[in-house]
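Two complexes come next, and they have one chain in common, subunit A, joined by subunit B in the first and subunit C in the second.
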Partner chain A sequence: MTNLLLLFDAPSLIVQVLLDGILVGSIFALAAYGMALVWGVMNIINITQGEFVVLGGYVAFTAASWGLNPFLCIPVAAAALLVVGWAIYRGVIYRIVDKDLFISVLATYGLGILIAQLINLVWGADVRSLDSGLGTWFFLDGMVTVAQTRVAAFVLALVIGGALLLFLRLTRLGRAIRATAQNARAARALGIDTDRVYAATYAINAAICGAAGALIVMIFVLQPFVGLIYTVRSFMIVIVAGLGNLGAVIGAALGVGAAENFVGFIFGTQFQAAFVFSFLVVVLVVRNLRLQRRRMYLK
Partner chain B sequence: MFRLLAATLLALAAIPFAATGAAAQAQGDTIVVGAAVSLTGKFSTDGQHTKNGYELAVKRVNDAGGIKVGGKTYKLEIKLYDDESSNERVASLVERLIVQDNVKFILGPYSSPLTAAIIPVTEKFKIPMIQANAASRSLFTKGYRYAFAVLSTSDQYLSSAVDLLAEKGKETGKQPSSMKVAMAMGDDAFSLDVRAGILEAAKKNGMQVVIDDKVPDNFTDISATLARVKAVKPDIFLASGHATGAATATKQVADAKIDVPMFAMTHCDSAQIAEKFKGISEGILCASQWAPTLSYKDKWFGSAGDYNSLFKKTYGYEAPYQAAESSAAVLVFADAFARAGSFDTEKVRDAIAATDMETFYGHIKFDDTGKNIAKPMMLYQVQNGDYVVVAPTKFATAKLIYPRKTP
Partner chain C sequence: MSARGRGRILAALLLAATVAAPLVVPALTVQFATLWVMIILALTWDILGGQMGYNSFGNVVFFGVGMYASAIVQVGLFHDVGAYTAASGTGVYPFTPQQYYVGLALGILAAPIAAVAVAALLGTGMLGLRGHYFAIGTLGLGIAGGEFAASWEYVGGASGFLLPVFPGAYETRALFFYGLCAALGIVTFLVLRRLYAGRFGLALNAIRDDEDKAEALGHHTVRNKVLAWCVSAFFVGLAGAIFGNMNGLIEPREVAFSGATFGVWMVLMALLGGKGTLWGPVIGAIVFHVFKELFWTYLLGWQRVALGLLIVGIVLFFPLGLLGYARERWPSLFGRQAVEGAKR
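Now for the complex of A and B:
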């Protein structure tokens, strides 16, 4: 309760907590959007999401250790993960893409463990982090501090999201992806090579995660086994936002990020995760009730 | 077909056990000590330090002529398995060491959860176990008879920083009772022990604990905690959450430009904050079990500094305390074998319990619960990119910079 009063005593803290949440939320939005894309187009819940993020972070870390500017490491990580994603589709995912949702959850979960262990073998279990070389901005007598890296990450996340949106709207492959998401059979009947579309979707998702990972290694620290956090977070955001559109995903990611930070501020960091999951339950229950009322819910 | 394949695989898997089963017993002129350590999985870095520490000590003891037991000289040999950082795996491997490999003496794995998993096994078979890498308090409250630990328990890690703050407060004319403590502790057994120690120390000094956050999810984001730290302006900020926690706290405190007079944490050395976060890690206090600059000595390694140079020559990096304490555990076994004059597990157990020795790692003397009560924790401070010992004052090689200058 004293923490709540603290917020009223120093309103600038509200700005701080809000900014922290929104800036970090934007990066989660990237991974979440990738997950929504794969889920919507291929009907696969990609549990490997977090490991793609971590792998992207490690690729960026390695590229930076070769002397590359940290921000130039983002496209490098994205490109590397594009290849990885494509290879994983060709190796594993194409076998399960028509199967039950449960099979895909199991398979991608297994893949996640495999990737985490491989990262551990290659890079070791040490904690890694990348210094972006940027400083911190001060506002309102130093009560509000904003790390410039986070702002850069926020802007880049929006740019990547925007580029993706344009890609899906304007390019031929993008339209094919959307058509497949609507109705794969019809798309196939109309001459779209859905297998290629799936491969592209999965690879693009991995690339987005790679970019998110490159941002995360600059803002947070990475360790081979933290992937699940990012998977769960993406999943949560997708559930709240629905599979429909990019705007909802970004909104949900920023909103959840900010709300979670306020909960952390008022009740303590230990309640952040509890809040996120309780919120998830509430969203599911409310959505279910609404569907029932509209008689759209099949018993 | 499948059955045939399975049978073949099983038969193949059994060959190494059949081969090692007889060879690994404590007979001939070697004594076999067994251990399962984490060479893969989340503890693989620290597990490697543990392994290096064990092996270096075994080699040193053998190079120095081995151990005289009952008039005969024996060589030490260590049998290691990789526990994959898994609680289930480590327990079954230790059981395998005892039952199949016939090992009668066990060295501990890395970390408290893994050690908690093996103690029921070693107790069941009445096998003496000396561990060097599990500091959790809960391991010493269960009445275990065969388990011993050479390191200081986890509640002592940061309580020393709180005491140091009180000391500094008095020097600078600020009452400890007017001082405020803030902390972010990982939600794991180790960090919660660290927290309990801090709470006790704060209470003892009459300090007020204003922020007491537990950080979930592998300690990746503490910005909500830090926003509050900024508002309440505590006199000390403490963080603990293994290597990830140390790296996260270092980075985010710097990003948010948090200005606290004292900033202390655990696991700085595993996170290598002085090396990897140059500049922003300046002035951070780090709890450590051991430092190479200490004046401790023994007959095997010489001084702590000698140990460090030998370790560096052998493995190519500075000896972390995880390696030093692991080596010390081997020395305790060596010392106990010699005093017991026998390989009877009960006699060796009693000899270990009666240990009272000086090692390069510090003094070792166990209380009834099996923990080492003779060695204090140390505090390092990062000064000019280097770790220097600043507390306890008796062993300090540099003066504490207080208040911390925010980089």
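Now for the complex of A and C:
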């Protein structure tokens, strides 16, 4: 609690914590948008999301250890995850597209456990991090520090998000994806190969997560079993924002990032994970209770 | 022979096996006790998952709450809990045999109370959620529990909570806990059989089949849902208290609130045996536990890969479970229930 008083004594700390949270939140927005995409198009809640993020981070870490510039590792991680995502779709996911939701949740949860353990076997359980080689900016007489990596990550996250939006708007495949999301049967009737659309959607989602992971490994540290927390964050952001609304997703993600950072600062970072997971429960329950007054429920 | 008669013979055989197992293979007594805990977990998961159609990934919360509640009572009766966990051992704070048994009895009493309190408190809010929102909400709940326990220094934080040592030989200890687990398992089974046979079971099935219609027919769906979760929490909490003591150490993330082991195993066991049936979870738990114990040690480091593959495999290719498969294959064995067909 002493940290709470500290915040009032030194307002510049508020700026610091808020800024750090917002910059990180932009990366959460990437994973969350991928989740919203898969959810909207395929009606699958992809619990593997977090493991894709972690895997992307590890791929970037390995690529950098071969001497590649850290920022060039981002496309490498995205490309690797594109392949992984496509392979997982062809192997498992195509079987669960039409199944009920419990099956897709459980199957992707199982996949998540499997991928996390494979990462652990390949890279070991050690904590990994990647030095981007960028410096730090100082503001307000050095009271507020901003790591340039975080700013770069923020900008890149926006660029990737924008590119995705343009892709969905302008390209043929992007339009096919949106058409399938609106009505899969009608899309099939009009000659769209929905199976290919699903494969592309899932692979693109994995690639976005991979890029997010490559950014995260430069800012934080990664460890094989932290995947689920990224899944939960994405899910939370999508619920707060609603499906298919990129602006709201970004807003919610920045908010979640900032809130989490404040809690971590006030109560200590060991409570940060506990906060994320209990915040999810609170968000779900509160949203649902508000709907229940009108005799509706979250769908 | 009628299905009922066959069931009786089967039950008698299983009861005989329960009594005989630790006497014939004393070395595996703890294994058998763990099997009973697994059966309890699978059975209680199925109350919501199978009978009511609410797929909870967070029932492991009650397991952890039961464990910690029991541990706090057991230690707190005679010593200061904070100091006890800080010393991280029982060497400094000894327990006389009498203190141990009194503590254990009261701890086992406190565990279900705490678990049911948590279920009742969370129930109204959580069970308003449906489908995948409920599934993921409960998943978050389970992990939040583990994270809170891991960062709460009073109960030992991430390094865990060492429980008082059993006053007696290893074999006595194993038999003692086996007895507790087996008794609890049998009671759980009988209580659930009674519940499923009555109005309560029918109400749960109605909620699974169509909640809105059940509500329109005048069923108190919320009350029944919360009650079902409380029944589940009651037995899981008890099992947690006993398992914590049998294990000796409560680890917050790996034992008490372990989403990736007990939390998902209970779902898998119920699914493997056939969810929505009374015997399914029992059979699933036995098959899964035997399989796990036979192969887990040879899969050094690959256990979770195997677990993941198993989950995906069962979900994709075997969603009806063993009992569901048998029901489709040999419907005559299941008497009148075969007419309704095996419902997923």
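Just so we're on the same page, the second predicted complex is superposed on the first by the 252 of 299 C-alpha atoms of A that agree within 3 Å, B and C clash if a C-alpha of one lies under 4 Å from a C-alpha of the other, contacts with A are read in each partner's own complex, and residues count from 1 in each chain.
Everything that follows uses one rule, which is that a contact is a pair of C-beta atoms (placed from the backbone, for glycine too) under 8 Å apart; a residue touches a chain by one contact, two chains touch by 3 or more.
None of these values were measured; they are calculated from a predicted model.
In the superposed model, A:Val105 makes contact with subunit C only, not with subunit B. When both complexes are overlaid on chain A, the residue A:Thr136 reaches subunit B alone and has no touch with subunit C. Touch criterion met: A:Gln270 reaches subunit B and subunit C at once. Once the two complexes are laid over each other on the shared chain, residue contacts for A:Ala259 go to neither subunit B nor subunit C.
Looking at the shared chain after the overlay, A:Leu173 reaches neither subunit B nor subunit C. Of the two partner chains, neither subunit B nor subunit C is touched by A:Leu243.
In the superposition on chain A, A:Asp20 contacts subunit B only, with no contact to subunit C.
Touch criterion met: A:Ala147 reaches subunit B, while subunit C stays clear of it. Contacts of A:Ile45 after superposition on the shared chain: subunit C is touched, whereas subunit B is not.
Taken together, the two structures place residues 117, 120-121, 268, 270, 273 of subunit A in contact with subunit B in one case and with subunit C in the other.
Within the complex formed with subunit A, the subunit B residues making contact are 40-45, 184, 187, 212-218, 220-225, 227-228, 230-232, 243-244, 246-248, 251, 255-257, 270-272, 276-277. The part of subunit A that touches subunit C in the complex is made up of residues 45, 47, 92, 95-96, 101-107, 109-118, 120-121, 228, 232, 235, 239, 268, 270-271, 273-274, 277-278, 280-281, 284-285, 288-289, 292, 297-299. Note for the complex: subunit A touches subunit B at residues 3, 6, 9-10, 13, 16-17, 20, 24, 117, 120-121, 124-127, 129, 131, 136, 138, 142-143, 145, 147, 149-150, 220-221, 223-226, 229, 260-265, 268-270, 272-273. Subunit C contributes residues 55, 57, 125-126, 128-133, 135-137, 139-141, 143-144, 147-148, 150-151, 259-260, 264, 267, 271, 301-305, 307-312, 315-316, 319 to its touches with subunit A in the complex.
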